[in-house]
Every structure is written in structure tokens, then in C-alpha cells.
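Chain IDs A, B, C and D follow the sequence of writing; residue 1 opens each chain.
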Amino acid sequence: MSGKGAHSEGEVLTKADFITDQVVRWCPGCGDYSILAQVQKVLPTLGIPKEKIVFISGIGCSSRFPYYVNTYGFHTIHGRAPAVATGLKVANPELCVWVVTGDGDGLSIGGNHLIHVMRRNLDINILLFNNGVYGLTKGQYSPTSEFGKVTKSSPAGTIESPVNPTSIAIAAEASFVARTADVDPRHLAWTLEQAAAHKGTSFVEILQNCIIFNDKTHDPFLARSVRHDRVLYLEEGKPMLFGSEHPRGIATEGFAPKIVEANSSGMLVHEPGLQNPSQAYMLSQLTYPEFPVPLGVFRRVARPTYEELAHGQVDEAIHRAGGPGDLGQLIKGKSSWTVT
Amino acid sequence: MSGKGAHSEGEVLTKADFITDQVVRWCPGCGDYSILAQVQKVLPTLGIPKEKIVFISGIGCSSRFPYYVNTYGFHTIHGRAPAVATGLKVANPELCVWVVTGDGDGLSIGGNHLIHVMRRNLDINILLFNNGVYGLTKGQYSPTSEFGKVTKSSPAGTIESPVNPTSIAIAAEASFVARTADVDPRHLAWTLEQAAAHKGTSFVEILQNCIIFNDKTHDPFLARSVRHDRVLYLEEGKPMLFGSEHPRGIATEGFAPKIVEANSSGMLVHEPGLQNPSQAYMLSQLTYPEFPVPLGVFRRVARPTYEELAHGQVDEAIHRAGGPGDLGQLIKGKSSWTVT
Amino acid sequence: MTPERAANRPMEHPTQDGKKLPVEPVDRVTIRFAGDSGDGMQLAGTQFTDTTALLGNDLATFPDYPAEIRAPAGTLAGVSAFQISFSSYDIHTPGDQPSVLVAMNPAALKVNLPDLEEGGILLVDADTFTQGNLSKAGYAKNPLTDGSLAGYRVIQVPITRLTTNAVTEVSGGGSMAAQSRNLFSLGIMYWLFDRDPIHTIRWIEGKFKNNPDLVAVNRAALQAGYNYAATAEIFTSHYSIKKAATPPGTYRKISGNEATALGIITAGKLTGLPLFYGAYPITPASDILHALAPLKNYGVLTFQAEDEIAAITACVGASFGGALAVCATAGPGLALKGEGIGLAVMVELPVIIAMIQRSGPSTGMPTKSEQSDLLMALYGRNGEAPAAVVAPSTPGDCFWTMIEAGRIATTYMTPTFFLSDGYLGNGVEPWAIPSLEELPDIRVTHRSDPEGYTPYVRDPRTLARPWAIPGTPGLEHRIGGLEKNDITGTVSYDPTNHQRMVDLRAQKIARIADSLPPSQVDGDSQGGDLLVVGWGSTYGAITSAVERARSEGRSVSHLHLRHLNPLPRDVGEILGRFDKVLVPELNTGQLRMLLRANYLVDAKGLNKVTGRPFMIREVYRGIISALEGTR
Amino acid sequence: MTPERAANRPMEHPTQDGKKLPVEPVDRVTIRFAGDSGDGMQLAGTQFTDTTALLGNDLATFPDYPAEIRAPAGTLAGVSAFQISFSSYDIHTPGDQPSVLVAMNPAALKVNLPDLEEGGILLVDADTFTQGNLSKAGYAKNPLTDGSLAGYRVIQVPITRLTTNAVTEVSGGGSMAAQSRNLFSLGIMYWLFDRDPIHTIRWIEGKFKNNPDLVAVNRAALQAGYNYAATAEIFTSHYSIKKAATPPGTYRKISGNEATALGIITAGKLTGLPLFYGAYPITPASDILHALAPLKNYGVLTFQAEDEIAAITACVGASFGGALAVCATAGPGLALKGEGIGLAVMVELPVIIAMIQRSGPSTGMPTKSEQSDLLMALYGRNGEAPAAVVAPSTPGDCFWTMIEAGRIATTYMTPTFFLSDGYLGNGVEPWAIPSLEELPDIRVTHRSDPEGYTPYVRDPRTLARPWAIPGTPGLEHRIGGLEKNDITGTVSYDPTNHQRMVDLRAQKIARIADSLPPSQVDGDSQGGDLLVVGWGSTYGAITSAVERARSEGRSVSHLHLRHLNPLPRDVGEILGRFDKVLVPELNTGQLRMLLRANYLVDAKGLNKVTGRPFMIREVYRGIISALEGTR
């Protein structure tokens, strides 16, 4: 299971370098395959030696991910990947850390760790595979399942308003928030690159299809035949336009979004870098069928990372003390006496 | 410790009915006293017999609250009050359930339960006493402590962006979100009444002073001398105005708020009932010193409650089956055979 | 085939098309259906089980799932199996070894062949032994042709092709054949063991009632298999298994998890309390949630919590509100519930925690079974926090033991553990359906009288505190996790009070033993050479092994503990009557430690931690070694 | 006052103003400072301790806080106390009973008087015995006047008024007097026990260096108390306590939690690993976080997690990254960490879990001490998940035992528990400062050689797997909570592999015993009538009680276990040398159960669960009863 032979900085890596000898064990047709393929495609482009890359996951179908990427990997316990990643990244800031989680792992049992890692702004990349269901445990509803969804554990339909992952991420002060989809590999790869390039916590919701327990859940807006009309591709500095045959845009009415004809006055321009998160929040609340569903980067703001601040405090303390602390002095304490 | 004598519906209750024989054990000068007094003042006005009222708390100074209110009460474990309240309310929907929690209890260890109870919209009232510190454990920073705060556990200053409780509540789909303060008893009482009147989860952040470990933390905008200029009192249907000597208002520039002279064009009118949460979210992001701090009801929307949907499904199933299930039949199952 | 106690006289039996083939009566058969996860082996096994149950055989099953996640088709990791043992006499386990193996592909053969009895029947789908499948299964040579199967009665059938043919006839295309190969094999087995396929046909008709095509296809595949077996003369005889001599009564087939769910609903009705079930999905406990969620017309409220901590604390809240609160989980979930259960201990509220144990530690092997969470149930929380523990011993017993858990929890106002496991939960047996009158009276009344009420005044017999619930006028009170003052229930830091409360909580649990019947020893209750002490799902294997040893005249008896905390009062005395004590467990010796510590007996362990149940012969060998003192 | 072994000859001693009062040499004194939480008793006690430590007495302290939350002034619930015992010989506990009680108000008197020795000195602030305060304390009559204090040497001093006077002189107003009454009392005690107040004066000057007013006020109060005692003739003599005959060396005063923090830093340096400390605040463990957080110049990274689950799993992450990862918590926190620790067991990564035990169950009594989490440390997680457990026995030993935890964790790649408690954590003793050369060499090197590397290949001696950390070229690998294949570390559901891994994990922990020195028996190592076996914080009380019994010629010995899992190999054999075994524990018998189960010895328990430590005489009486067989 160990990596084959040593790599070091500067070496040119290819997708093949990131494939392990483990047989991939998702159901045929699962959206996870597409995500894996794009990750393996993007990783060699990052210029990071593979021994510096670590994938950390929780539990779920999605969380099997690390077994298939030939870097360091840790398939931890349910919901705790963000906390494990925090410890790892603080201990070893020069690693490139990816967290892979699911809608159950990351938003049900693990919701709190997710929020806290985002507000702390550890420089890690979080990929949340949102298939709207608990896949691994065979089909119960998840926090992102739509209201009324019939599953094994909700035979009469769920009675809970779903969590909106991007809204929660924005409210939790994530410095990078994006959404993409398994069925749009090019956009997926692009989004992964953006996430990797961002310093600070990058939160990426990946709409993913579970062919077994929640097939076609995202099809109403992601199906190839309708996507161009029901997805809003967010592009920095560009007006918020969607619809290929009948182009329309998003404008604002007070603080509420509305759909207008393309090129109407008041059409919004996408600015993910705004310090004020209100526009990003509004975008995160656009849902089908009232609105097109935005894919792309919702928010991207610069903020110092937790680990750089933590190590900065250590360095500064050492600097201020004129060097690292002396263990003998510390053990001796401030006040001692000698018996002869 | 039991209630003295039976009460029943219709009886007129007074504040004294809600005081227990337990000596109140907060530090002299703690903001919790004011909150307790207002709760005890508001409860008798609700027209609910006191045996139907239950206070559930976690752990913290604030979470001692139930001992002092002569209703049913449960001082549970750290962070879990929303989950305990969920079980109680589902089991017994006609109870009037209040959750009392702190910024550590509700947003650190208990953040996830808080989010989930809000999106489920249990009809309970959550009072989060935000003093920006862990009081009970003697002064570590909390998730709401401002960046850079020096405490016992952050001698060089914290390095975390704080959680904004109202933003999180809005992102978690709470159907009622408000903010008030210990130092403004009238506003506090009014807010409690609004929360109690709302059907669904009412989330109330109460800015509270911890005189021992975080004294005056809210004073920059709550101190009596500056409050009128630095607090924005939200009133439904009214323009968002603040400042007594020099009245100004909140207007919008794209999706970002800005301060304008009173009666400028574009000044926003407060509408907590908007289905789209973007305006409420923007308000939740107004912080001192850039902006005045809003107190009042940020959001109030109608949505069926979890327990009414849950019991509704039960009732409907019974109705559809033409009566309650027959235990004998169930035990027998669909397919059986007889040995003679 | 070497059926146990196969009879000698072949009998004549008419086949569907009039030909007659000999019918050999046999007493017990163990079949294993094995194939890829996608091959529907669990379904075939379940149908065979249903049909067999209705015929009145005794039976036991063992579904053996692969890891939770789907492996690529044709690989070893993707093999799924279902074993059923059925017989004309009382059996206790799904059999140590199959006498018949159905292998739907090379991987299934590779994984399961080592277990097949010598000389057993091996039915394979010859069509699947392609080069690709062989290499996926890691076969260098084709086992069908390399002579390696010489020791078995190999029946090669081109199942894929025959199914395709049958299906094409009725649906005008073979595209649906892949999904019904299992029914073709099932048809063969029905013929071989002389079972009428009618029950399965009815089931197909019901299941696909909105899709006549699917009904036709599946029925065709089943019939084709049956007919093929009858006509192709691949078997020289077929077999019949007489009804088991079961006591009179009405029976149904039941799995442990079904019985647990039924027990939960029944405990709710018997206590007269509203039922609150709060859980977070986890293998192998999720099926209890799936069983309860649709039973809304029984008034059950199911709550899918955000995690196990929310599940247990919501249960504590519901219990505070007067409901019978139940949750179920597996090891990783219980590891999260410790603090919540400790709260229930302190506030003395009833909650039932059903543990469907699985292989640990950590995530372990989620689909495999183990008994390694007993000590966590006893000690997995802070402070001196005693709680009651019971364990069912068979699938059907899950029903009765759950009712007992309900009795204990509500009578003694205590969290109560119910320790089942994956093997019990998924295993199936025939179960004598009780009449409602047979069920114990465990009705609960909440306190309503304010006279003399304080939250921690105790019932002098049970030491339980009163259950006074919000909504009751005059009983307003406050409880919590801080130490309580005796009787008044206010917060107390008084040292002597703390000692008293620690003692009272311990005594209350100890008092449960007053309500237990004398322990049953199977064998020589007056004593003997060896006592085998077990708990939980090992009941079947231990019972069979002890029966076998006793039938050989050995002095071996069996004590199976349903109550693990408190232990029944007579256990120490019973242990003392035997020269030696052997404790078989699917862990490294958890009950053994308790027995040694409590009674200072030199109890020896027979321990196995492989994720699989004991085989009868493993326990039997353990017994022999213990008797011979060679251990 | 009845100082232990008070000498007979009074000595002359000059007082500050030239008068001479007799100085009686005594061997041991126990003082308890008691007052309202707001009265600064912990500060007064700490100052007395510091001064006394510098004088070279042996000493031990016991701070007894009220509940975590502040109670209203003057009530019983608000009483805070600090006990110090100091002597001219080697002592092991802060004393069973104070010989001097300082009571700053009626509530403090009410709570603490029952503990005062007969004939002991009782110093009270007479000004506080007002009607209001008396009734808050629940006194119907004034104890100062109703004769109920006849059995003590009562010294009534108008402390409040005298402090106000003294303070007014230097600050022109008495408003600061309330905060310095404690220093007035401290001054009296300094005079009474012949200690120079200079150390405390220096401390005041340093503490308030930016506020000369406060320096003046506090110094005035202290001096006023000292002078008042010297001149007012309220005492007929004062006392001197000789230096203890301590072995040569440099000493400091240390509390258990300080020593634990020091041990953590030191273990980091000795292993040569970066140090990651992740914790969530909880009484009584928070002080370790408070001690480590400012030591950033020692390179320690402290992480205040959002809860205990995040703390332990962040530790696992940091350990995966190659750091020495440590967390500390108390019972409710450990109840949440079970799943995370189980993960560390499965992935075989070192983590140190420091448990500062407190009274349970549930929230219990957070400021009180107990030893009731041993079984949770051993069994509080799912599956067979063995981990190492060590326990310090004195405040200073926390340092050494933490280093031992670091050695075990990193040598054996295992989570390792360190079981301290609130009594040890807050208690203080003089501690011989080790030189850096005395510290063990436990340097760790991470694997870097890809040759022959697989994640679960084991060191043949320790059975530890290699610690290969991200960033190392060529060692890329994946681990996780699913069962691991032996050697390769891939996921495995294979039954025999699971058995092997369960066995290997158990053997690895068992092998730790190979690295332990022979156990030390205090007393007759060759055997005798009674062996007292203890662990953790009961060391002092047991040692003193055994010494006392031995001084009376009784055949009693003492074995104190630092290693609780695995137990040292010689324990069974040692137990066998004694007729009887007594196990004193501040729980209901947790170690006792382990000893009985492991060695089948009829170990008896001496158990106390009051939230307080053992008194010497309680253990002594237990020893006598055990010897007489009357238990």
C-alpha cells in the first residue's frame, strides 16, 4: 500500500502517479468516479510533490476517496475529518491537505467541526460530495434531502427543511465558497484548481449523483438537456447571465434577487471578492425552480490562516524571548530553594 | 424542590410564582440576573399554566437558569440542550419549551444541535446568552470572542474569526431570529414576548455582560451613553433609523449596506417577514464600529413545526388505516403458519 | 451430498411433467447461496427461507454481506452470501458448513468453497466462468476443468443462458435476464428440496404488481429453473425434509432486528407509554429504524437525529417528557453516547439503548458480528454510573428481551442496555407468535399526586424515584447532571450525600436481581464436570455443542445469561457446583472477566474474534479440551 | 492546639518590637484558611505555602473550591478553603484534620469547624458575626457567644475593622480593605508560625507594580496582621517548625497540574517531536491549557477545540503528522472521546490522554475529586481496543509519569492514558528539580526509508508499526478505522486476519510490561499479613497509614501501581506472597475488580466516594480491620 519509490520537488507528475493499487469500490455509475478522475487530473498540475499531499475523510461512500489517491491518506471516523485535518495542518503547515466528506458526514454528524474549521480558516480544501442521501448506510435521508423526500427512514416523506451547504459555509465565514457538479467535469476541474489556489479554507460543494439511492436528484437542473437554462455559471467580473436560447440575468429588488431579461439595467455583476458577504449569501439562496442554480465561486476573500497565525505567535514569542525557551529554566520555575 | 401546590389553566400567575426557593448563584453584577428577572416577568403574561412550561439548559453559568424558574426544568449536559428539548417537544408537543444556552454551550460544543433544531423548526424558544467568554470554567475565549482577545487560553490573543450567532441562525433557516441585551430590560422583555408568540424555533441572542471574565465587552455600543448612537433598533415596517442627535439610516449599495443621512432616498424599511433571507442576513452582518448593531427581530417567517408535522404523519397514518394499528396483527406479521 | 442423518429408503415422487424421481427424506440441510452483491443472493435466500418456514421445518439463517460499500462486480470483495439450515428437528444455528453451495460466479466459488462439506453439492453458473471473471476472482486455471472440484458433486448449469432464453420468451428480449438469474437458481433449489415455488410466485406478483412485464420475467426465470431441475436429470433424486416436531402454535419467520422492532412497539403498548424512537443510522442497527418508521399508525414517533449524541439526549428529553424512549446503535455510536447515558443515570430516567454489536475496534468491520461491547455498556461513561444490561439469545428472543428491557427501565427508572449483535439482528428463525395475553403486565403510571412528592423520594422496594412529567400540575421540579441531594433532588456537594447517592444508584441496579426468576441450567442443574456459561448470540452454537457432548455421555451443562447487570443472585452458587467453567465469547473474554472478579472462579475462555459466529464444532472442541484439561 | 509531637521546651524569640515571646518548636502543623469565595483564601493559602516551601519544610496542600459557579457572599455554598500541612519531617498528605482554622465569616466556620482538631486554634473575624451573616450561614445563635466553641482555643480578632484602619492610613480611605482582609489573617499566621512576611511583600510589589496604591494597601494589611499578632498578646507563644531533613538538591513547589504541563513540554523535548496540545476547557483540567498556552517560546502549539471530540481527533491528526499529541480532560470529556481514541487504537498512532478525574457520574461535582474513571479509560470504547494506562501518585510525580506516558505512547505507537485527579492536580508539594541529564532518553525518529516499508510491518520487539509521516517521499500510504490487513495495512474483512490483528493489538500492549522495572513493595517485600495495593492520588494517605501501622509492629506492606495497563508482570506473584490484600480506592472498586479477575485473589476494597481524598486514619482503620478480619 505504500507509495512506489520516492518523489521529490520538481519532478513532473502525471495522473497515473495519483492512482493507487486499490480497486475502486463505488457502484458502477456513481458520480464519485468523475470526481476522483478530476482530482487525479488536477493534482499533478499543482506543482506539489505527492508526499506533501494528504487526503482526510470521514465515513461514507464519498469518504472512501483517500484509498484511491496515491498520496498520504486517512479515512477517519464519521464527521470528524475537519478536526483531524486541523491537527494535521497545525502540526505540519507545509502539507497540502484535502478533506473529503459527504452531506451526512459533513453536515449531519460533522456539521459543527465543519463550521469551526471554516471560521478558523485553516488552509485546507474541503470537498463535500452532496448526493442528498446517506449512501453507505443504504439510503436514509440526509440534511440536504429535499423536504418531503421518501426514503427508508422517511417512508411518509421528510419533515425537515434541508441545510444549504453554501449558505452555511458563508455564514461560517469560509474565505472560499464554491459549488460544482460531478456531471460537469470541466467545471469541476476548474473549481478544484481555484480551491487549491486559494489560501485559507476552500469549501467546495460538489453536486453528486448516487445512482442507487437517490438517482437523478440533481437532474432537474443538471441534466445536460436543461443545464444551460437552469444553471447560473458564476464568473468573476461578469454579469450574472444564464439561459442559452433565452438569456436572462439576476438583478436585485431591495435585498431580494429577481430574474430579468439579459442586459436589463440593474443586472448584477459577480464579485466573489466583496468583503461584505451579503451578495454571496443571496447567491447561495438561489434554488431551482424559482431561480437557476449557481455553479462557480461564490466567495473568495483573503484572510490570514489559522496555522500561520498560530506559528506566527510561536515565532514571535521565541523572537521576543531572544531564542527558544530553556527547558532547564522552565523546570526550575521562578522560585526554588536548595538543600545541601 | 417541587412546585408548591397545583396550578391549573386559567389561574392568574405573577412573577412570584416563577421564583424558586434556590438561592441564585451568579456573581453579583452578572447580566444573567437581568435576564432572569425579565423572563420571570414575561412568563406570567403568556397565559400558560406553569406546569406546562419547561426550561432546558446545557452547562455554563447561563445554564444554571432553570434552577431559578419555578416551572419544570432540566439542567442537562454541555451543548445538548437543543437535542434534549427536541425529544421532549416531540414527545409532548403541548409543552412550552425554553432552551437556555451560552455562547460556549450553544456555539462551541453544541453548534451542530443548534443548527439542526432550527432548520427542523421545533416550536421552542432558544435564549443564547452571549457574553463572549466561557464564564463557568473561569475565562477562556469562546466562539464569539473577538479576534485577538486575550484570555487565559489565548494569552497572545485569539486567532479565530468569531461566529456571528444571528448569521448562523439565519443560515440554519431559523424561522425567528432576534437579538436583545441584558442592559435593556424593556427591549429584552419585548423580545421575549415576540419569541414566545412565534410558532416555530425562536432564536434569541441576548448580549450579556460577564462582569468577572469579560466585563464591558458589549459596552462600546451598549453603554447607556452611546447606545442611542450605536444601536439600530429594528422595528417592523419602519425605516432603519438610528442616532438620536444625528439620525442616520441604513441603505443599500448593490448588496452591501451603507449608512446614509436620515430620510435619504433608498433607506431600507425593516421587513422581518420577507421570505428571502438576504436582507435579514445583511442586517446580521452589521457590526460595530463600521455600523450600528441591530437589536430586535431580524427574521420572522411562518413554517410548519417539526412536531406538528411528525404528529400529523402519525394521525394521518392512523386515519388512513382506519384506526390505530392492531398489535396482535403486527406481531403475527404477514405470513404465518400453524402447527397443531 | 451428505445430509445429516440421511435416511436410507428413497421414495417415489411425481415431478411436474409426470416423470417420477426418487425422493430421499433427510433430516437437515444447509444451503448457501453465494454470488455477487448485485446477484440478488439475499433475495433468493430470503425466499427460500419464507417457503421453508411455511412448510414447517425448523430453520436458521445467516446472511453474510460484503463490506457496506459496493465492490466491483465479479471481485472477491463483492461476494454476498446467504446461508440457511433447515430441518425436521429443533436446530439452533444456521449450520457449521453448507451441504449445498450455489455459486453464481467464480468469485463466489473461491470465497465459499472452503466451507462446503466434503462431498457436498456444488451448483455453479457455468456461463460465468469466463477468462475475465476467473482472473477477477484470482483463479489462474478454471476450477471447473482443472480437477480441483473432484471432492464435490458439481452441477454445472448454464444459468445465464437458460435464464436469458426463458426471459426472452416472455418479454421479447433478454435484457432483464441478469436480474433474475437468482430466481432460476432458486427454482432449482425448490425442486431439489421438494418445495412448491408458489409462495415465491405470489411474492413476485405482489412486488411487481404495477409492472406485468417484470412479473412475467421473474416468474419465467423461477419456473424455468424448477423445470430444468425436474427434467434435465442433473440430479438423480431429490430430497424432502419433514416438518419439525414443533410445539403446537402459530409461527412466523422473524429476524432479530424485526423482533427487536416488534419488541419496542410492544414494550410501548405494554407500558402504556407514548413511544419515542430516536436514532442515527448505522450498520447493523439501521434496519430497526427502517422497521419502525413506517409503523406510524401504531403511534410510534421516529426521530432521525443528526448524530448519536442527539439521539440519546433526545431520548433523555422524551423520557423526561414521559415517553418510553428507545435508541439503537452499534459500537461507534455507543462510543459517542456515554455522556448522555451518564446523564440518564444521574437523573434516573428510563431509556433503552439497543446495541447491535459489530466488529470493532473503531470502524472495524461494520457488516461483521462480535460481542465486544459488553464492557463498554457497563463502564463506558464517567464516574460510578451503573446501568442495567440484558442480552437476547436468539432472533425471536429479541422480542422478549426487549420487553424485559422495557420492564427494567421503567420499573427501576434506569437506562437499560439491550445487547444484540449483527448475527442475531440479521439472522432468521421460526418464532412462536405469542398471544397478547401471554405478554407481561408492565403498565406504568406517572406520578400525579403532589402530596409528599419530591423528585428523589424513592420507592422502598425498587429504590426508583417517581416519574413526574412536565404538564403535571403541582409537581414542577428541576433536575440535572450535578449530584443530587438525596430525596429533595436539589444540587448537593455534600460529601456524605454523594456517598449515599453513589450507593443508592448501585443498590437500585442490584435490586433488579430481586425481580429475576431462578437461572435455568440446561443439563445437570445439580452440578457436574463442566458448566458452559454464555450470553447473547452464542446461544445456538453452545446449545448444540452441549447437546452433542451430552449425547456422548459427558457431564456438561449450559447456563445462558440474559441478565448481565445485575447478574442473577444464584449465578455464584451455580458456578460453584461445577468443577470447571468455560465461557465461550466472541470477544477476548469480557463476561469471563466479570465472572472471575465477582465469584473468584477460574473460568476459562473460549474466544474467537473473527467477525463470524461460533461453529458448533468449535464450541464442541472447546468443551472437550476443557473437560480434558488440556487448555 | 495540639501539634503532632509538640516539643516541651518553650524557647525565647524576639518579636519585631523587641518583646520576647516563647517559640515552641513543633514538628507538624495543619492550617486551613476558610472564607467566602471572594475572600481570597486560595491566595492566602498559596502565599503561606510559598513562604513555607522556601523555609524548607516538607508540605502538602489541599485547595477545596466551592462549586464552579460563584455563590452569594456569606452562604455555605460559597465557602472556599485551602489547607496546608507542613512539617519538619517527610509528610505525604495535607493532613487529616487542621490544627488551626482561620474562619473569615460564620459560613466558613460552620462548614469547616467539624474538621478542626479538638483543642485546635480557631481564628475568626469577629466583625463578620453579624445577624445577617449568621442567618445566611444557618446559625440560630452566635457561636462566638453561645459556648459551643468551648473545645477550641478561640482567637476572636476584629479583622475587618483592623484591616480598614490599616488600609485607611496608607490610602486615605478604607474602600480597599475588603480585598485585603486575607492578608491581615495571613500576617497573623506568619507571626504565629514564625515566618518572615518578606516573600509575600515581594510578591505584592511584583503583582501590583503598576499600581503603587495597591502595593501600599496590601502591604499595610499584611504588616498590620503580623504586628497585631506580635503585640496584642492574643497568643501566648508562637511556633517554629524546623526544616525537613530533605535529601540535598534544589527544590521548588509544584502542583500536579503544573507538573503535568511541565511533563508534557518535557516529553516533547525528550522525544524530539513537535508538541501539539489540543483541548477543550473543563474543570479540573483547564489549568493545564492555561499553563501551556503562554509557553509559546517552547514551541508548543495549543489548540482550543470546539469540543472534546475535536480535541482528540485533532490530536490524532497531529499524531498522523508526526507530532507528540496530548490532550487533557475530565470525565464528561472522556465520555465523548471514546470513538476518537478507538480510531487511534486502530491506526496505532500515539496520543496521550491526560485525565484529571473528578466526581461523577455525569456532571457530578466538578470541583471534587475521585478515581472513578479507570474502567472508562480501559473499556470506554467499542470493540477490543486496548490502550496503555499510567497514573501518577503525587503532584511532583505527575511530571515523571507524564514522561513515562510519552515513552510508552511513542515506543509502542498507542494511545496512552494518564490518570490524575483534581486532588493531585490542585495539590502542591515541594519537588526535587531534576537536572536535564537525569531525564530518560526517549528520542523518536520517524521512518524515512522506503525500503521494506509497509504501514503495518512491526518492530519485532515492541510490535509497534512504523511512524511514517506525510511529507516523507516514498512512504505515501493510506490508513483508517476499518480493520487493517496485517503488514500491508490495506482494508481487510478476512476473518483470520481480524483475529490476528485483535491479538496483535493486545500483545503489543501486553509487551509494554517487558519494559517495566520490578515493582517496589514498601514494607516487607518478601510477604506478610497484608498488602495494601493502591494507585494514583491515594499514595500519600496509604503511605502514611502503612507507616503508622508498621510503626506499631504490624505486618503491612504497600504496593502502589503506576502502570495499570498492562499491569507489571510481577504483580500476581507479589499478591501471592501476602495473606490478605486490601485495595483502597476513591471509587467503588475498579482496580480491585481487575486484580480479582486477573489473579483470582480475594482482594478486599476500602472504598470512599465522597469527592474528598482519604484521610490517613481512614486507611489506617481499614488496615486494622483487614488485619483483624472484621471487614
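We adopt the following convention: a residue touches a chain if its C-beta (ideal position, glycine included) is under 8 Å from a C-beta of that chain, and two chains touch if they have at least 3 such contacts.
Quick caveat, the model's predicted, so the values are computed rather than measured.
Colleague: What's the chain with its C-alpha centre farthest out from chain B?
Modeller: The chain lying farthest from chain B is C.
Colleague: Looking at B-D, B-C or A-D, which one is a repeat of the A-C interface (more than half the contact pairs shared)?
Modeller: Looking at which residue pairs coincide with A-C, the repeat is B-D.
Colleague: Cα centroid separation between chain C and chain D, in whole Å?
Modeller: Those two chain centres are 48 Å apart.
Colleague: Express in whole angstrom the distance between the two chain centres, defined as the mean CA positions of chain B and chain C.
Modeller: Here the centre of chain C sits 44 Å away from the centre of chain B.
Colleague: Starting from the mean Cα coordinates of chain A and chain B, work out the distance between those two points in Å.
Modeller: Here the centre of chain B sits 30 Å away from the centre of chain A.
Colleague: Going by the contact rule already set, what residues in chain B reach two or more other chains?
Modeller: 59, 77, 108-109, 111-112, 116, 143, 156, 310, 313, 316-317
Colleague: For chain D, give me the residues that contact two or more of the other chains.
Modeller: Counting only residues that touch two or more other chains, chain D contributes 67, 77, 296, 306-307, 309, 332, 339, 342-343, 347, 362-363, 480-482, 491.
Colleague: Can you check the complex and tell me which residues of chain A touch chain C?
Modeller: 23-28, 59, 61, 64, 77-79, 108-109, 111, 134, 136-138, 140-141, 143, 152-156, 212
Colleague: In their complex, what parts of chain D are in touch with chain C?
Modeller: It is residues 66-67, 77, 309, 330-332, 334-336, 338-339, 342-343, 345-347, 359-365, 367-368, 370, 372-373, 375-376, 378-385, 480-483, 491, 493, 495-496, 498-499, 502, 505-506, 587-588, 593-594, 596-598, 600-602, 608-612 of chain D that touch chain C.
Colleague: Write out the stretch or stretches of chain D touching chain B in their complex.
Modeller: Touch list, chain D to chain B: 67-73, 75, 77, 280-283, 286, 289-290, 293-294, 296, 302, 304, 306-308, 332, 362-363.
Colleague: So in the complex, the part of chain A that touches chain D is made up of which residues?
Modeller: Result: residues 1-8, 20, 22, 49-54, 56, 59, 66-67, 70-77, 80, 83-92, 94-95, 112-113, 116, 310-311, 313-314, 316-318, 320-321, 323-325, 327-328, 330-333, 335-340 of chain A touch chain D.
Colleague: Which residues, counting only chain B, touch chain A once they are in their complex?
Modeller: 108-112, 115-116, 119-121, 143, 156-157, 159-164, 167-168, 170-173, 252, 254-257, 268, 274, 276-279, 281-282, 285, 303-304, 306, 309-310, 313, 316-317
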